[in-house]
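Have a look at these structures, which come just after this line.
Look for chain A in each of the two complexes below; its partner is chain B in the first and chain C in the second.
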Partner chain A sequence: MAEAALQSAEPGVAPNGPVQLCVPPEPSMSRVARLAASGLASLAGCTVDEIEDIKIAVSEVLIALIEHGEGGRIDLEFDLARPGTVAGPHGAAFVVRGRSPVTSFALDHPDLLLCRTVLEGVCTSAEIGTVEGHAQIVAVVAMAEPN
Partner chain B sequence: MTGPTNDDSVTVDLDGDVIVVHGDIDMAGGPVLEAAMLQQEEQDPDGDRPLVIDLGDVSFIDSSGLRSLLGAGRRARARGSEVVLRRVGSEVARLLDITGTTSQFVIESHRG
Partner chain C sequence: MHERDADRAHEDDVWLAGALSRFSRDRDPALRDEIVERANWLAVRAARRFVDRGEPFDDLLQVARLGLLKAVDRFDLSLGVPFGAYATPTVMGELRRYFRDHTWSVHVSRRAKDLRPMVNAASDKLAGELGRSPKVAEIAAVLDLGEDAVLEALEANNAYRAHVLDPAGTGHTPPVDGGFEDVLDRDLVQHLLDRLPARERTILVLRFFEGMTQSQIAERIGTSQVHVGRLITSSLAVLRAHLSAASRDTSG
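For the complex of A and B:
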């Protein structure tokens, strides 16, 4: 998946590879991450509506990992996926991945369910789970086809 | 305007009995709004006045911000009152729609 997602949607405009941020689990980091993601999305030619969806997705990923994680640092990755790749099987997409180390992750907590509802409302796909000792969230926001 | 409270992402003012929110209601801003709402609720011991929140200058809201509003709505209903949202923008309206929580509030007006 990572290899497929490394293909940039618009080579020469968007970065050729994922952009990674490692942030402390603090609420103030939500705004920082949204600014980074929206800047990248703008660079990639996302529409205003898509950028708004991406900002919400980033915020929800951080809510899930900060409020329901265990205080470990959070690794965020923003990526652009071309149509036909694993990350963007139905079209170009902006992919938000977040990971934080945990020993357990309450997937059925009501607040996390609200997060999931919002993610599902703004994303074409959203996966929340645990992988190799980490809480992991992958949120994919569809992008309009580049002209 | 009195009693401003500042945070990196949000500012909350009081305009008479109306809570006026500026900025982002996110993980950092939600608690600021929550504190302002609780303070306002304490000013109304009978609990018969609706809690009015002006969201016209809100540029972003996420589920943590929504939780603060939903909490105020629950408290208001428990005392037989309601939360009135004024100048609701598209960002707030969309989140209410996605989560199916629009009916938890009285929407007085939308942002022009």
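For the complex of A and C:
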């Protein structure tokens, strides 16, 4: 499942490519990120339910990276996964990927465990880990019906 | 006070005196729930006094019941006053704090504030008509708005509700089966969920463990999708705050 999340998060799978944001590690950025994500989701024809799930995922990703990152800027990427690459009625999905530079990332910290639990509740798949000196969280929210 | 209310209050005070005496001794959560149910009329009456301020009655009642819980926890029999006389100011205080704190947590445009009720109403109406969650474009079409305006109004729901829930402990939580245990320590989960009112606990369980959508939950519990969304957001904020506090306590 986590593999599917990473596979679907490959850049460029959406017709117009991913939307990328680089934000300071501030909680106030959550609203900025959520609005950007919901705008893309709306363009993709997501329902209000799906958009609310996507916004929850964006908030969780951002807050986890703020609280457990090391103060560096956070790269967020929103993308639409190609139909057929992830599970779901139509195989289309909205992918949220967050990255922040870290030297260590305590995956067993209760905050991150809660983050994972929430993400697994609203997402088709979720992965929290480290990649090349960065904490990385990838969350895939299935879309019931592609635009 | 209305005569009938006075009679009822008196009857409840008699029952409550015994129950509160037992609760002060045993601190039994089940008894506390029973006391709150029995004294719910106090919460209803207090919530009604604020009903003309534009807030849904369900929300007000939730806040009032929280105040009621606090009153039960803090009531001291040695004060020599009836529970109703003690609880009413506590419940009213909780409601006043709700309005005091019920401010926009981030800057939200006037347009979003104005459109929020209309967008929420249209979203709920469309959900009923379509039998599914509506798309933003559908809401925009009904209201003759741009999609950006609809998105901004939907986002305003989260800003509007950022501080609704008091992270103070509330009720007893029945054991939760399923997903959480795979990831989180059972005691920790129990501890976290204990901090939420029963309805919020139910919503989180339905959403995160039973995989229901916000619209499905709204139908199940008889409220709107928008309201469910707001409660999820605020409940997660409460859980996170408690988790952070617990982490600080552990590390400190």
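By our rule, the second predicted complex is superposed on the first by the 126 of 147 C-alpha atoms of A that agree within 3 Å, B and C clash if a C-alpha of one lies under 4 Å from a C-alpha of the other, contacts with A are read in each partner's own complex, and residues count from 1 in each chain.
Heads up, the rule we're going with is that a residue touches a chain if its C-beta (ideal position, glycine included) is under 8 Å from a C-beta of that chain, and two chains touch if they have at least 3 such contacts.
Remember, it's a predicted structure, so these values are computed and weren't measured experimentally.
Visitor: Looking at the superposed three-chain arrangement on chain A, would you call chain B and chain C a clash or a fit?
Guide: Here the two partners, once superposed via chain A, clash with each other.
Visitor: Looking at the overlay, does A:Ser38 come into contact with chain B only (first), chain C only (second), both, or neither?
Guide: The answer is second: A:Ser38 touches chain C but not chain B.
Visitor: Does the superposition put A:Pro24 against chain B (first), chain C (second), both, or neither?
Guide: A:Pro24: touches no partner chain.
Visitor: One more residue to check, A:Lys55. First (chain B), second (chain C), both or neither?
Guide: Touch status of A:Lys55: both partners.
Visitor: Quick check for you: in the superposed arrangement, does A:Ile66 touch first (chain B), second (chain C), both or neither?
Guide: first
Visitor: With both complexes overlaid on chain A, does A:Val122 touch chain B (first), chain C (second), both or neither?
Guide: Both partners, chain B and chain C.
Visitor: Which partner chains sit in contact with A:Thr47 here, chain B, chain C, both or neither? Use first/second/both/neither.
Guide: second
Visitor: Compare chain B and chain C by how many residues of chain A each one touches, and report the one with more.
Guide: C
Visitor: Have a look at 80-88, 98-106 or 116-124 and say which bit of chain C overlaps chain B after the superposition.
Guide: The listed stretch with clashing C-alpha atoms is 98-106.
Visitor: Please report the chain A residues shared by its interface with chain B and its interface with chain C.
Guide: Shared contact residues on chain A: 28, 31, 34, 52, 55-56, 59-60, 63, 67, 111, 114, 117-118, 121-122.
Visitor: Where on chain B does chain A make contact in their complex?
Guide: Going by the criterion above, the answer is residues 8-9, 24, 26-28, 31, 60, 62-64, 66-67, 91, 95, 98-99.
Visitor: Give the list of chain A residues in touch with chain B in this complex.
Guide: Residue list for chain A touching chain B: 27-28, 30-31, 34, 52, 55-56, 59-60, 62-63, 66-67, 111, 114-115, 117-118, 121-122.
Visitor: Enumerate the contact residues on chain C facing chain A in the complex.
Guide: It is residues 106, 123, 127, 132-137, 139, 147-148, 150-152, 154-155, 158-159, 179-180, 183-184, 188, 192, 207-209, 211, 213-215, 225, 229, 232-233, 236, 239-240, 243-244, 246-247 of chain C that touch chain A.
Visitor: What residues of chain A sit close enough to touch chain C in their complex?
Guide: Contacts found on chain A: 28, 31, 34-35, 38-39, 42, 45-53, 55-56, 59-60, 63, 67, 109-111, 113-114, 116-118, 120-122.
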